[in-house]
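Down below are the structures I want you to see.
The same subunit A turns up in both complexes below, where it pairs with subunit B and then with subunit C.
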Partner chain A sequence: MNNVKLSNLEAIGLVLIIIINHLILNFSKSIISNTGSASALNILFIGIILLLFVQFLIFLFKHFSGQDILDISEYLGGKALKILTGILFISYYIVFTSILLRSFSENLKIIYLNKLPIIIIVLFFIFSITFANKLGIKTISKVNLLILPVILFCIIFVFIANIKNYDFHGLFPLLGSGVKQTFIIGLSNMFAFSSISILYFLPPMVRDDKSFKKIARISTILSVILFFFGIVCFLSLFPFIRNSKEIMALYLATRYIEFGRFFQRLDAIFLLVWTVAVISYLCVAVAFSINIFKKISNITDYNGILYCFAGIIYIISLISTDLAQLNYIEINIFKYVVFILLFGYSSLILIFANIKKRLRGGKNEKIT
Partner chain B sequence: MNFSRLKQSLNNLITYNAPKDSYNFSLNNSTSKNITYDFDKKVSANIKENKEFINIKYNTLINSDIIIRNFKLKSNNKSYSAFIIYIDGMSDSNLINRFILQPLMMRNKANMYKTQSLKTYNKGKKVIIKKNSNNLAVEIENSLLPQNSLVKETDFNNIFSAINMGNCVLFVDTIAIAFNLDVKGFKQRSVSTPNNEIIIKGPQEAFVESIRVNTSMLRRATNTENLVIENVSIGKISKTPCAICYLKNIANSDLVAEVRYRLNNLDVDSLLSTGQLEQLICENNKYNIPQVISSERPDKAAKNLYAGRVVILINGNPYCIILPATFVDFISSSEDTNLNPIFANFLKFLRFLALAITLLLPSFYIAIVDFHQELLPTELLFSLWASRENVPFPIIFELIVMEISFELIREAGLRVPSPIGPTIGIVGALVLGQAAVSASIVSPFLIIIVAITGIASFAIPDFSFGFHLRITRFLFTISAYIAGFLGIAIGLYVYLCILCSLKSFGVPYVNPNSNKKSKNFFVLPTWMQEFRHNYLHPKREQAQGKISMKWRHPNE
Partner chain C sequence: MKKLRKFLLYFLVFCIISILVFSLSGCYSTQSIDDLAYVVALGIDLGKSNNLELTIQLTFPNSSDSTSTSGEAAPTIINSVECASINSGISLLNSYISKEINLSHCKVIVFSEEIANKGIGQEIYTLSNQVQIRPDCNIIISKSSAKEYITNSKPELENLVAKYYELTPYSNQYTGHIVNATISSFFNSLSANYSDPVAILGNGNKLKLPSSQKTTEAEDEFNIVAGQNPLVTYNRESENLGVAVFKQDKLVGELTALESVFHSILTNQFESTVISVDNPYKENSVIDIALYYHKDTKMDSKLVNGSPYVNSKIYLNARLLSVDKSSESLTPNKIKELEGLINSYLENAILEYQYKTAKIFEADIDGVGKNLIKNFKNEKQWSNYNWSANYKNTFFDVQVTTNIKSSFLLSS
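What follows is the complex of A and B.
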């Protein structure tokens, strides 16, 4: 899988599909419940910080051309650190993929599959994840690139079709619960942009450093724009209280769309699109988990691992008993894990690796 | 009263009857296993040995159409035993009589005198034509056989292949060479209009069964000396002549080499159709998705040759194989090139819609009726349920019964003699459909769904791809029945994954990111088709100048 080279568009697509899924899977709800009417402002603020962080990442990766976080960990702390980093990222992907899978399945069950047991609904997803991953990450990224325009079109369509329902009073007061809540405590909302985790593994998969820079910048800017408009729409569309409801906000937004007497309930069509988007996201996450495992274990045939991962995801997704538990994990654990792993641990590794490299003689040093 | 019959009956009752012979044939392993494949045998200088070998190989005592004609050949005033062999009905008897037997058997200047005495006069000077009088083979080739196509063969392998193709082979005593003479004269279908790829504007001729006629049509259509037609024979027993055709200044050399490699490494006894070859040379056959284009149109083949693709012709087949192919090629028609780009793109969009309808309409119907009724307006929903009220079957049963009935009607329409074909269609579609609705076996809505799906499937230009879609739609139908739109979404994603994972001769089947210079899905106006598709990596990327209409911009 490490020999796979992704085009710039494919790589950007991988980052975007994660952010889109965060939008679909109601991450906006957590943000809005955290920062209230100031969420839009908060996202703009976070977006700027994120852009600066990505720029910093690009700078840190500059001295490690074509190497991902695992290679850099190995350089810094040997095999042990490489394995530790790998296990942390695999756990992150697997656990949160399972939780999001369960969360979406529960939503599907509430919306229309109330007669189907949750274990069957989850199994459908597990089947598609396994099948797609057997065909490799290149296939997944290509499919992702094919469906991404349709998903984006649908999201934009939902935003535009709801124009008559917007009430921009929802955006006020602009500073919500205050400056501290918006800009200091609201920093925890950065978890919504956990899609940048992919950037840590992209360098060996893209053509060159120039491509990586381009991908990182464009995907971050697009993610921020998408999330900003998403939050603005949700704040304008639903009263603050509705935003904290269990069901997916984007799904609820589609329920308001109607064109004349014939098209009055189009939400099911969008549900189809959201489902495809979620499958794509799950496939991407599992593909990266397998990629990491392959790197830390040096295995060549990953089919066995794929079945193991699929089984683990299936089991973890069925552990929680209800949506409330899932929401608790999303709001209280996911946020901090993202913060610690993506913005703390990984950047520390990169910083120390850069320092080590500088001490050892900079660019000319060869990494084995 | 008939006492004799009574007597006979009594006799049968009391007398001993021997057990009756029962005829009980069953096919077991062949009793004669002395099959030898000594194809490496070379032509012997002893004519008797050659003849004996041919007699055994061709079973001349049993085979009535194998003709062996013995005669005495005269050369340098000497007489040699010789024979010709050909297949009756495949060779032109008149050509054999006039241009093989007559020059060899009749006395003439060429065979009466010794070479040293052959003299001719050139401007009054006596010139002796120098020939090696001892070399009978050269003598026959140069002086005795007035044939334009003569190949000296030493290997029986090639000799049998030539005879089977309609050639005549001459064996002469004392020389270990046979003369392969092209005197083909079998009856064949003349070039006619295409049957299955009909277009309104554009050339109206199609390939025929003869490979030579097909190559000549390609030559005429391409009209360039850069067209290379390489011969390959496939099949250990059938040795079917095939031709790899490409433009040497455009087609990627690696692609040509790969095609050649795959064709030369086929271990099959026989090859009789393009369909067989398709399966043998494609990387992945398990999903039944066609990965090469099959066409009966020389103009389409020529267009693809100019795009940098490779065309394979097979003797005995009025279809060529064009490769590599991408997904978009299967919803493109030869008509596209001949139409205004706006019309062509509109038709392409319609075909894409037809593809989506063929694949997804039945499954959408099931998903909406079973799971997502809210999508339909209330009035329509009431009407739908009212129409289904008297139908006792579940919707999936209803749909599959109708889909299979439709497939049966289609298959029957193809197999019955052509005058009855339309009748089957009318009886099947109108009468049966109406009767099924009246009998409350199916709902009228379902008839509409099945009919639209059927019509849409006819709009897919490629037969194999249409077939693939017809089969796949059943899987979508079942997944929709199980989980509504969730089932369809999973089916769709898996299907897209399969499409994206396929490669046709190294070219991704679906390549959304491939066309930076040339558009793949949309048909561009001719003057904008500046570049060839970059996924084919042709030797000449540019298909025309930056300004193709120079008359319009003379100064640029």
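What follows is the complex of A and C.
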């Protein structure tokens, strides 16, 4: 798996599927409850900061061509730091994948499968993850690329089909809860772009540095655009979104779609597409977890680990008792973990590794 | 590539097996439509011995099959229960009838005026939270009891009562005398801090008006609400006419059919209507004018000396419906005069309507607040302004621009 090379499109697809799932799984709700009517402005602001951050990452990776965060950790702090970084990322992927899986399953249960036990719904996804991951990350990324246009089309269709229902007054007052809330406290909304975690592991999987730069920039810009339109759509459609705790806003938006009196109730089709999107996202997250584990443990057969991860995800996803707990984890824990791990810890490793490299002779130093 | 092909093969096999499994065997634990009782109308009244009296109208099983005689309305079943809440009522009814109640085909939710006066916020939140209830389900406030409204709602031109309920609100497209008030629009206005909701005004028991109350002025012909429609011959006792005005979740007043047109114009829902104005060229005669949508109404709201000031610019197209001998002398100058007459008539009537919503109802049903909100920097400033209490201080100004296009077959 370590020798897998992804095309630029496949790599961009991996980042986009995560951001799409954040949109489906209502991360926009947390953003709107944080920054209110200024959420669209906030997304533009943090989008610019994110682009600068990604540019900074590209700069930091420049001296470590074809190496991911694990290799760089090993260079900086030896095997121990590599294992620590690997465990942190595996925990991050496994725990939050489980929580998002449970969150989506609960939503499915509320909407259509109210008589089906949650363990069965979750099990359906676990089977899919296990089955797909046996085929490897290359297959997952190719299939992901195959379904991504359909998912993107559906999301854009939901945005466009609701045009007559939009009321852009929902974007006012422009500064929402105030300047401080929008531009300083609102920085915590960067957690929605946790898809950049993929970028830390992409360098060895892509052709060269140029490809990595292209992938990082394009995927970030597309993620910001997608989230911006999502937030504008939700704020314009639902005045209650600022004060209530609704389930998937994207699903609610699909309920509003109708073309005359004959084409109504299209939401079931969209729910099927969202389900495929969630499966793809789960597969990507597990594939990266396996990839990390392989790197820190040097195992060759990853089947055992796959079953193990699938089991852990299944158990963790069933721990929380209700949606309120899941919302609490999403809003109060996920936000800070993303900040600490993706924007703090990982960038610090890259910075110190760059300093170490410069002190040891810069570009001429050989890294094993 | 090999792995992808293998995966696609597996996927194909999986799909074929799934299709075969589900198509060749019955889903033993899944409910089929035969196990469900579909509610087409839900009525909510104040209860006598409990909080609510819940009425449901169910379609009779197989009522739309080919064996039913054409032209004969399909039978419906009406059941009522006294209950503490909507959900407990449905549960009680479920234990009474032989099938499980399903609300996914519910077309209207009828509240009695009595319960609406007390507030229907809790019921609206409950119903909005139901996955089965569609966002386009209409909300009707009945001047009689909701049960009476549902009982007397007997379709005359359709076989299916569900279709009757579905089509009736669409009359707002060619009359403007009601609004297409859905549960989603009601809930959105209720939950926003810058607007108040409206609903369709209905009546389930035709009022017998004393002759003194019957309007004789042509301009007042449409100043009537549900129950006052001067129908001479009618079979169905229920009707919808006018708009029920809410201040948050409480019913505070009614708009007549004509005021409903003004509400539609100001909220950009207007399509067409017919009005009558006094004929300036002939005594004791009126001119009928068909008004059509031309452009969206532009509402500009700002704060002047701390008070809200709203300027509405309305653009309409018109056609003259009344043609007689005197129409031959309708020169371009006279058409211009007539346009001025229509404009000033509408400006006065709309101003009167807007002040009525502000001073009498104190309910912002035309979305003035959402236009004004852009003048505030943040949500704290807006909530401190207390729009709900300040709407009554609003000053209005209206400019109507009507273009008389032409008449119909005979014109000047």
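Please note the rule applied: the second predicted complex is superposed on the first by the 362 of 368 C-alpha atoms of A that agree within 3 Å, B and C clash if a C-alpha of one lies under 4 Å from a C-alpha of the other, contacts with A are read in each partner's own complex, and residues count from 1 in each chain.
The criterion applied here is as follows: a residue touches a chain if its C-beta (ideal position, glycine included) is under 8 Å from a C-beta of that chain, and two chains touch if they have at least 3 such contacts.
What you are looking at is a predicted structure, and each value in this text was computed from that prediction instead of being measured.
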item	value
Clash or fit (per the criteria above) of subunit B with subunit C on subunit A	clash
Which of subunit B and subunit C A:I269 touches, first, second, both or neither	first
Touching partner for A:S280 - first (subunit B), second (subunit C), both, neither	first
Which superposed partner A:F127 touches (first subunit B, second subunit C, both, neither)	first
Which superposed partner A:G77 touches (first subunit B, second subunit C, both, neither)	neither
Subunit B versus subunit C as contact partner of A:L9, first or second or both or neither	first
Which superposed partner A:G66 touches (first subunit B, second subunit C, both, neither)	neither
Partner chain in contact with A:L145 - subunit B first, subunit C second, else both or neither	first
Which superposed partner A:S37 touches (first subunit B, second subunit C, both, neither)	second
Clash-bearing segment of subunit B, relative to subunit C, as chosen among 476-484, 512-520 or 530-538	476-484
Contacts on subunit A seen with subunit B and repeated with subunit C across the two complexes	131-132, 135-136, 139, 142-143, 261, 264-265
Interface residues, subunit C side, partner subunit A - complex	3-4, 6-7, 10, 29, 131, 134-136, 166, 184, 187-189, 191-192, 194-195, 367, 370-371, 373-374, 376-382
Residue numbers on subunit A that touch subunit C, as the complex places them	36-38, 110-111, 115, 131-132, 135-136, 138-139, 142-143, 167, 169-170, 172-179, 238-240, 243-244, 255-256, 258, 261, 264-265
Of subunit A, residues touching subunit B in the complex	7, 9-10, 108, 112-113, 116, 121, 124-125, 127-128, 131-132, 135-136, 139-140, 142-143, 145-147, 261-262, 264-269, 271-272, 275-276, 279-280, 283
Interface residues, subunit B side, partner subunit A - complex	368, 371-372, 374-375, 377, 483-490, 492-494, 496-498, 500-501, 508, 510-513
